[in-house]
Amino acid sequence: MIPIFMFIVCAALAVAGAVALIWAREPIHSALALVLVMIALAVLYLLLGAPFISAVQIIVYAGAVMVLFVFVIMLLNAGVEERTNFSKLAIPGALLGLGLLVEIAYWLARSAVGKALANGANAPSTEVSTRDLSEMLFRQYLFPFEATSILILIAVLGAFVLARKDS
Amino acid sequence: MEFISQHPVLVAAVVKIAVLLFIVMTALAYLTWLERKAIAHIQSRWGPYNVGAHGLLQPLADGIKFLFKEDVTPPAADKLAYILAPFLALSLGLSAIALIPFGPPSRVFPNGQQMFSVVDLNIGLLLLFAITSMGVYGVALAGWSSNSKYPLLGGLRSSAQMISYEVSLTISVVGVVLLAGTLNFNELIGAQSGYFHLMRVIPRWFIFPQIVGFLCYLTSAIAETNRVPFDLPEAETELVAGFHTEYSAFKFAMFFMAEYANMITVSCLATVLFLGGWLSPFPDTGIWHYQNYLPGAGLLALAVYCAWNTVSEMRGIARLQLGVVTLLAGGGGLICLYPPIAAAIQGPFWFTTKILAILFFYIWMRATLPRFRYDQLMSFGWKFVLPVSLANLVITALMILVWPHVRHG
Amino acid sequence: MSAIPISWYLVLSAVLFGLGVIAFVFKRNVVTIFMSIELMLNAVNLAFVAFARAYNQLDGLVFVFFVIVVAAAESAVGLAIVIMLAQNRQSMNVERVNLLKL
Amino acid sequence: MFLLNHLWVILALPLLGAAINGLFGKRFPQSAVNSVAVGSVLLSFLAAAETVREFLQLAPGQIPWVGNYFTWMVGGEATPHPFRVDFALQIDQLTVVMLMVVTFVGMLIHIYSTGYMAHEDGYYRFFSYLNLFMFFMLTLVTAANLVVMFVGWEGVGLCSYLLIGFYFLRKSAVDAGKKAFIVTRIGDFGFTVGILLTFATFGTVTFAEIFDSVAKNPVSEGLLTTICILLFTGAIGKSAQLPLYVWLPDAMEGPTPVSALIHAATMVTAGVYMVARMSPLFSKAPVAMLVVAIVGAITAFYSATIGLVQTDIKKVLAYSTVSQLGYMFLACGVGSYAAGIFHLMTHAFFKGLLFLAAGSVIHAMGGEQDMMKMGGLRKKIPVTYWTMLIATLAIAGIPGFAGFFSKDEILEAAQSGPHANLILWLLGVGGALLTSFYMFRLVFLTFFGKPRYDEHKVHVHESPKNMTIPLIILAFLSIFGGWFAAPKLIGGIDYFEKFLAPVFASSAPAAEAAAESTEAATPAMALVHSLLSWPVAVGILGLLAAWWFYIKRPDIPKKLAQSAHALYLLLLNKYYVDEMYAALIVSPLLWISTHVLWHGVDEGAIDGVVNGTATVARGSGAEVRKIQSGNTRSYAAWVILGAVGFTALLFGLLGVAH
């Protein structure tokens, strides 16, 4: 009872947030809507028994990345989105997007894996322990991990170089 | 009804949350009183004195004042964000506390619910950081939505500051996590039980192996909660009142409470991670069993002091009020002397004591230190605290690699 | 506890992804477009976690971890670029950023 | 046995020298360039000598000794006869002879060049080319299969091109270089086809295997003839036989040492070497051998006639080279390969000497090459004079000198050998007569009579030591280089032939027959017989005629020229062959190249295609550019389109989900 209730609430919140992201004309509002989506997803991760990922989702995404967005918006004091000549490709693009949405949703719903249960009798109800995750991350995926750290370093340098005042 | 009977967990959680909320709110209120008095005495003033004996009713008065003031919303403000910001700030500040265990998990209700913690999560620490990391939004949104320059500047400053120090805050505690090998608060505290080998008097609190981490944590925590000497966001002399300049009445009060709630949260975290949480510094062997009576004794002592003070100095209504305090303290003290209760409240007692110590440190700082300049703040955060905490982390990891037995628990 | 089929999560992620795509096409503000990318990434993450749950394997979670990290790096650089853009062209509207157009 | 196991060392040394000089020579002082160039060749010669010493200790079973270094090309392993070429070197008696000749003469000429080229620019360039030539020539003679041989073959062609055009500021030199390159290409084409046909026939290009299979299982004679004639085409081109000899006279544009080394001693003899090397095939194809013999004989006589009237000292030598090469082919053609190789060796000595001496004369005359402007140099440059005289006696076939033995053997084989043929013999004898005539004409015109040059302008001087010493050594060899065959005169055994016998075992009958024909008579008879033989007679006759014409009655030549004016002009203009080629081949080719290939194919078709591509690209680009609107969101829309399509493919068609 409770999981279904939670799922429905969170899913509704997430979708509402996504729609709001599109609807809002104030970038900050879009950002807030996205934060809402992320938090809802974090709760869903908890439901799916991945608490670590959920926490990381909030800390990194909602707590750092989105804060960065908000910060930039404040810094540039970006006003209301201006209406310019309407791109002719926006409508077909949107239709295509909807098509993609429906398509993927349809196939996923029909897919075999979709039948599996997220929780309940025949589902692995135990939640993933952070220890197992780190074991896997630092044994099997060590090289990707290191590569990612290098990537982060490069990104930091790049951001610094880009945003620096030329003097 | 049958829903309640089906979900005892839910019910117990709700009840505990309610109680905790009440306690924390009161604590917030009287923390402001404590701060004002302490600073006043440090600066050899009286501080609040007239509203109630020793200004004991001052917080109440403030609360009422905030409630009844006019709530101004600037016309140019962005309504949604303007209203959202304070709620966000306060709710996050309070909800973080819900993760803290105030007493040993062994203390349980008949229905098997832990007595002193709302939830006992495996990733408690992570979740706490998740919540605190969201705290930036309150400040940032407030600053932006007021649509006026001082708040914007304050908001920018404080969000930058909080992002910066959040990094070192997080990294400074990883050393502890490495030593304890868990993210669960109770296990973290359990890992600190016992004593170091040399003459068995120093408790195995993480503050001793992780002193560097502790200092880094304390610094970052002060910056994270925008307290002196890092209170740039509401630097009165520069930005009027920083991000909440445009706020008034209860919204302002909410920011105010949020700040103190954050203080309490970080103090709790410091206690849990470095000061052994609800563990007593003394062993409970032999004669040390009498430490169970410390809370009661303390309260009785307070009662005695209040009584003497009442008789000697108070006049009129104030004497009545202080008398009430005396009676409360005395009664509480007597109850606490009842052995089972005395044993039960050991954890909360020590926990509260440690928190109070840290909070007093906060206040002390505020009373003594001047404010940093902004660039100093930033360079200090990025060029000193962060590298030091990183070095601490690396060294800790290496030590664990070399001598695995340094790990606790 | 009553059961939720994985497909619910998958469909939800598909819906979010589609919405992200639509946002990408519709929004004009560079920052907002960035956000829609993040939204898509989140949708994908949800699918990852759901699959990890369905097959009871941790790899999916590790992938999510990587996706998050890379997204963080990407947004760092991207936002730096956005700042440069706004400073040079006094506008965050992508339709004003068309120097490449002949 | 070290060097036998590392044959490549002999090749590598000159290559190393070429690399060093070519890369850094520009900064080196002349002395350094000298030491590198000469040193590398000297070491190569010593290595070759040591190799030969080791070779002589091998048991007959171990010959030919093959060193297989690495697999160079492999194709079609699946097929029964995979195309497989190893970089393999081999050494047998024939190779030994060539090895010694090439390295030794090459070394001498290197030393000579250090003096001759001393005042030229591009000194290091010259020596780097020369060393490179040595490398390729050695590759050619030590190759163990046709393809590696072909590498050397083309390599020497390249070097000859580079060296003929060494004075690349002189248009005539450049043209000569191009001419040599192109004309030899014609032959090389035949050679290439020959190689391919060989592989197609025998399924291998390695000499030993080819000879095995040709010895064991019979091949249709027609096929063999075709192969041999194709290979011989290559020889014609490389060795300047009719009708492809035209490049050699022009090649004299190059520095004289080059003419000596490449266009007299070594490279041009490569064709002879190749024919001798493939003798097992040739001896199985009588028709081909007849062709070889005929071409050789005609060339020998024909180019000798041209030599009669040339006035350029080097041109005379060039034509004499052509004619001598003709003799070698004649020898091969009549089946006495040993004689051919023998003549090759002696010719290398005396013709190299002739060129070097001529170079010395030119050096002394300050670059003058026209014999009509010389004369009376006998006293002034004695060393040159004596050495050149010796060489002339040798080439004229005067008994006792090297040329006598070799040429005598050839003519004898043509006269009484198994493939003897009267007409060929007559041509050979006639050639011999003309040869001695024009050679002595050269000597008389150059060294005797009155000086016909301005003695005040030109002050004649003997060449420096490093030029004269090689002359002397070569003169020595021109005398005694032929005495391997001397015993034969008194009915003994020709050691040279004996030495080479294993190589030409398959074509042994010739040698045997030659041997028997002499053994019939008693020693004394044999001696008289060969001393009174026609070659000697005509040799002396030519000498006398030349003396009569150019010393006794110097006015006769002019009278003769006037009386037989047409003939004289014909000879002077070399039978108008160049003009004929120009008319029949060159100008049509030029016309076709200009009007069909250039304006038609190149400008029309190829440029058309290229420009068309460009136009299409530009047009399509102009269309596609409309998509490239610079509008990010439209890009996004396209991306999405792709995503939709791909998802449909993934889930719908491939049915991943099921």
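Should a chain be cited, it is by its letter among A, B, C and D, assigned in written order, with residues numbered from 1 in that chain.
By definition in this document, a contact is a pair of C-beta atoms (placed from the backbone, for glycine too) under 8 Å apart; a residue touches a chain by one contact, two chains touch by 3 or more.
Just so it is clear, the model here is predicted, and its values are computed rather than measured.
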Chain centroid nearest the full-protein CA centroid: C
Chain whose Cα centroid lies at the greatest distance from that of chain D: B
Averaged-CA centre spacing for the pair chain D and chain B, given as whole angstrom: 102
Chain A and chain C, separation of their C-alpha mean positions in angstrom: 6
Chain centre separation (chain A, chain D; CA means) in Å: 80
Approximate Å spacing (C-alpha centroids) for the pair chain C, chain D: 76
Multi-chain contact residues (two or more partners), chain D: 631, 633, 636-637, 640, 643
Per-residue multi-chain contacts in chain B, two or more chains: none
For chain C, residues contacting two or more additional chains: 21, 24-26, 28, 95
Inter-chain touch pairs (all): A-B, A-C, A-D, C-D
Residues of chain C that touch chain D when the two form their complex: 21, 24-26, 28, 33, 94-95, 97-102
Residues of chain A that touch chain C when the two form their complex: 1-4, 7, 11, 14-15, 18-19, 21-22, 27, 30-31, 34, 37-38, 41, 44-45, 47-50, 52-53, 56-57, 60-61, 64-66, 68-69, 72-73, 75-76, 78, 81-82, 84-85, 87, 89-90, 93-94, 96-98, 100-102, 104-105, 108-109, 111, 113-121, 123-125, 128, 132-133, 136-137, 140-141, 144, 148, 151-152, 154-156, 158-160, 162-163
Chain D residues touching chain A - in the complex, by the definition given at the top: 631, 633-634, 636-637, 640-641, 643-644, 647-648, 651-652, 657-658
Residues of chain A that touch chain B when the two form their complex: 2, 26, 28-29, 32, 35, 42, 51-52, 55-56, 58-59, 62-64, 67-68, 70-71, 73-75, 77, 127, 129-130
Partner chain A, residues of chain B touching it in the complex: 7, 78, 80-81, 84, 121-123, 126-127, 129-131, 133-134, 136-137, 140-141, 143-145, 152, 155-156, 159-160, 163, 166, 183
